[in-house]
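Given below, in the form of structure tokens, are the structures.
You will see two complexes here that share subunit A, one where it goes with subunit B and one where it goes with subunit C.
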Partner chain A sequence: MGKYIEMIRIRFLMMLAYRTNYYSGILIYSINIGAYYFLWSAIYGGKENIQGLSITQMTTYIAVAWMARAFYFNNIDREIAMEIKEGKVAIEMVRPYPYLNMKMMQGLGEGIFRLLFFSVPGMVIVALVFPVELSANAGTWIYFFISIGFSFIINTQINLLAGIATFFLFNNDGLIRAKRVVIDLFSGLILPLSFYPMWAQNIMSYLPFQGISYIPSMIFTEGFKGSQVFEALINQAVWSAILIIPVYVLWILAKRQLVVQGG
Partner chain B sequence: MENIIDVQNLKKEFKSYSSRQGLKGAFRDLFTRNYTIKTAVDDISFSIKRGEMVGYIGENGAGKSTSIKMLTGILTPTDGKIVVNGMNPHKEREKFVKTIGVVFGQRSQLWWDIAVQESFRLLKKIYNVPDQQYEEHMKDVIETLDIGPLLDKPVRKLSLGQRMRCELAAALIHNPPLLFLDEPTIGLDVLVKLKIREFLKRINEKYGTTILLTTHDLSDIEALCERVVMLDEGKIIYDGPLKELRENWAEGKQIQFQFSEKATLEELQNLTKDHLVVWEQGESDLIWIASVDSDETVISGVIGKVTAVKKIADLKILEISTEEIIRNIYVEGAVRHG
Partner chain C sequence: MEYLSIFFQYAGQYLKTRLTYRADMVVEIFSDFLFQAVNLVFILVVFGHTTLLAGWSKDEMIFIYGFFLVPFAIFSSFFNIWDFTDRYIVKGEMDRILTRPVHSLFQIVLERMELESLFGAVTGLIVMFYAGGKLGLEISWYDPFIFLLLVIGGALVYAGIFISLATIGFWSDSRTDIMPMMYNIGNYGRYPVDIYNKIIKYVLTWILPFAFVGVYPASYFLERKEWYTYAFLTPVVGLVFFMIAVTLWNVGVTKYRGAGN
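Take a look at the complex of A and B:
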């Protein structure tokens, strides 16, 4: 366990080593939230609510979705791809730890760093500028944090899958980029899933993506009520468990396939 | 003494894809691809005993790195048996790698953006090294490698020589009984090289660390290893003491004369016709090289006869270098056994 905590600490240090990234990140997220806020104000145009969400709920939804993204989002797919391409994976294989777990911990270190030094201050600024409604209900906050925990797990597992695919494809920048668009679109980051046509909603309910952004945001904005919250959390938990299987299968195949490039 | 590495009939094949020619070929490649099977390591067997320092040499692409990667559990062998430290490297990877240290000269195992000591701290946690053991052992390592002042600098700010010393220290944090070094002195200056060699000798003496070293710099091998394993096209072509290799191959010496006046081949051949000498012109017509058997009477006879007649400015007796020996072996393709 000690090594995982140490790895999270190292990630903190690495994030601090690149301060410019950190500041520009805050700026980019604020611009994104602002842009979506004005877009949605125009769409609402005086209407009380659309698809059961009021304009305040919508703004909160957008703000929370982006702030949660700071936590669950990570680049470990790209990192794995790079390590494989540059042959650095050889170094990882001579270390006595499970590679995938360690990668996940690196992602977690990055996520916690962003949550604390990025989302929290960012949320304060956003709450001052835009009409965001923060729930006073302690239960909502607890469910929300459980939910973004699952978001992180699901998103990271998908990232691992995309990263490991490099073992077979050698160059999978395209796949990684496509994966990112799919997640942004199908997870409800850009548009709440309740805005999609019924048939699309039906398909998406069979996919893991809604567990990444839509569920935590709906919990936070109290768009889900009562048993809906539990159903949503169970949905996330089930997907977190199911995705372990393809990750492990692919990893075992990948190790067999391993060709260390160069040198 | 027990074997720390035991390799039997080890084999590794790679599929390598080749692209077809032209646009039509590129389209066909989308569906079916041509491949050829390349054998990188072809049926090699050897064993290494505890405490040995072995040089593992070969040309680029001879299969050195591939076999090191199989020995360290990174690659799975296509065929054959490997036992290192009593374990199968690939099967028991996590347990196994705790008992080895690895330095790849061309890749860093330190984290690029953070201070060296943070990397050390993380590795200490990863290898589960107790505080006391770490303090004792690393104090010694840091002192000998003289990296104390570098510890709080980020790795990206270190020079190659500084970094390589830190890499070595990092590979030894858990004081492994077996150390793999893949070209550890590549691109380093003489002083750093010497320091690294001294350090390796020292840990070999102090802890009995077994070292397997690959390098293109044969002076490393000469300074450190008594035994060499030589690879060519995936096969072992020599496995034995370095001394024997030298004795069997370095027959004879070269005497280099620098005359103060012009000399001709005929003249020189005439002077030394009693001995078996091959004359060769050096860089100018003042410099001539005589290749002779490594026999005292011949050497002094040749020098005596030449210097009695011709005036000389300089005289050198050269021994054939290991590098030359190795080159000869590769040219001939196999090792003569004496």
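Take a look at the complex of A and C:
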């Protein structure tokens, strides 16, 4: 356990060294959320609500979806692909800790850093400028934080899968990009899933992607009520557990497949 | 002339390296299509809940998107400098670039081209013809030439903005996450700018002029006469921003002091 905390800490400190750049990032994020706000105002065009979300809830949804993304998002799929291509993975694999766990912890260190230095100040600024509604209910906040914890796990597992695929494909920039598109679309980052036509919603309800963005954002905006919140959290927990299986199976296969070209 | 022949030689080499990993290339082209589909899906889903967006219909929005794809495809084929700081400054690769006999920016364009992105232009044209057909737009003999001019203008706008941002690397080599977000902001130029408030409209027109890659030039083909002035400003804005970027680049190169190895 101690070694994992150390990994998180080191990645956190590494990010801290570059923190000044994150302030410019906050400005850009705010412009982004601002533009979305006006776009959605135009889409609502005076309508009270669409699919049960008011324009204020929609703005909050967009703001929190992007801020939560800063926490769960990481590039460990690219990092793994890079280490495989450069042959570094051979060294990493003889170290006295599981490679995948280490990658996950590094991602977590990065996520915690962005949550504290990016999402929190960013959310404060956005809440001052745009009509964002922050819940006064302590329960909502607790469920939201549990939920983004699961978001991180699910997103990271998918990233690990995409990264490990490099063992078989050697060059998988294409796959990594395709994965990003699928997540943007099916996770509810750019559109709440309830906006999609029914048939599409049915398909998405069988996929793990809604657990990445849609569920935490809906909890935060209180678009989910009562038992819906618990059902959503259970859905995330179940997917977090299920996804362990393909990650491990692929990893075992990959180790047999390993070809190191130089390094 | 010499530049042209170097360009084609690099392009030839590029195709060879790409064809080595065929499976990946197919996935990449496919993922590009997906990428373009995401935005189309956004438009379609949104118009499932409304009929007009600030006076613009669904087909008009789709047409603007189709137009946008063409300059964007050209930009992303030749100006992959979003990771310039990491790739060239931090790792000291810029040293090598500066020893080459062609202009340093041109050398980077050569090394980083991604010709498969040009498929995006094909998608764009298909989308435009589909939406244009539904809108009953007519094509005059001079339209293809104007189209070409506006596309080049749009691509230069994109290139100008991203090159300017990349030059920050000459002054400060620390990591920034601005570039990926900039791609997002670029998307807002595709929506009718009158939906935004004054500040964002101003930013999208004169500071980060992404509106000149989407709604302004496309409004010429959609016969939105109120935007014609802006539409014809596209090549001018493109040239101005590109020249600013090249100037910044040339000044920046003199500030470059090598790093890494």
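FYI, the second predicted complex is superposed on the first by the 256 of 263 C-alpha atoms of A that agree within 3 Å, B and C clash if a C-alpha of one lies under 4 Å from a C-alpha of the other, contacts with A are read in each partner's own complex, and residues count from 1 in each chain.
Operating definition for what follows: a contact is a pair of C-beta atoms (placed from the backbone, for glycine too) under 8 Å apart; a residue touches a chain by one contact, two chains touch by 3 or more.
All figures in this text were calculated on a predicted structure; none of them were measured in a lab.
Trainee: So, does A:Gly2 touch the first partner subunit B, the second partner subunit C, both, or neither?
Mentor: Only subunit B is touched by A:Gly2; subunit C is not.
Trainee: Touching A:Ile43 in the superposition: subunit B (first), subunit C (second), both, neither?
Mentor: In the superposition, A:Ile43 contacts subunit C only.
Trainee: Taking the superposition as given, does A:Tyr18 touch the first partner, subunit B, the second, subunit C, both, or neither?
Mentor: A:Tyr18: touches subunit B and subunit C.
Trainee: Could you look at A:Arg177 and tell me whether it touches subunit B, subunit C, both or neither (first, second, both, neither)?
Mentor: The second partner, subunit C, only.
Trainee: State whether subunit B or subunit C is in contact with more residues of subunit A in the superposed arrangement.
Mentor: Per-residue touch count on subunit A favours C.
Trainee: Per the contact definition in the header, classify A:Arg95: touching subunit B only (first), subunit C only (second), both, or neither.
Mentor: first
Trainee: Determine, under the contact definition given at the top, whether A:Lys85 touches first (subunit B), second (subunit C), both, or neither.
Mentor: Touch partners of A:Lys85: none, neither subunit B nor subunit C.
Trainee: Touching A:Tyr196, do we find subunit B (first), subunit C (second), both, or neither?
Mentor: Only subunit C; A:Tyr196 stays clear of subunit B.
Trainee: Where does A:Arg256 make contact in the superposed view: on subunit B (first), on subunit C (second), on both, or on neither?
Mentor: After superposing on A, A:Arg256 lies in contact with subunit B but is clear of subunit C.
Trainee: By the touch definition above, which subunit A residues appear in both interfaces, subunit B in one complex and subunit C in the other?
Mentor: 18
Trainee: Could you pull out which subunit A residues touch subunit B in their complex?
Mentor: It comes out as residues 2-3, 5-7, 10, 13-14, 17-18, 86-88, 90-91, 93-98, 255-256, 258-260, 262-263.
Trainee: Taking the touch rule as given, give the residues of subunit A at its contact with subunit C in the complex, in rising order.
Mentor: Within the complex, subunit A contacts subunit C at residues 18, 20-22, 24-25, 28-29, 31-32, 34-35, 38-39, 41-45, 47, 50-51, 169-175, 177-178, 181-182, 184-185, 190-191, 195-197.
Trainee: Which of the residues in subunit B come into contact with subunit A in the complex?
Mentor: Contact set of subunit B toward subunit A: 14, 65, 69, 72-76, 93-95, 97-98, 100, 102, 104, 106-109, 111, 113-114, 118, 121-122, 125-128, 154, 182.
Trainee: Which part of subunit C faces subunit A closely enough to touch in the complex?
Mentor: So the residues of subunit C touching subunit A come out as 21, 23-32, 34-35, 37-38, 41-42, 45-46, 48-50, 52-54, 174-178, 181-182, 184-185, 188, 191-192, 195-197, 200, 203.
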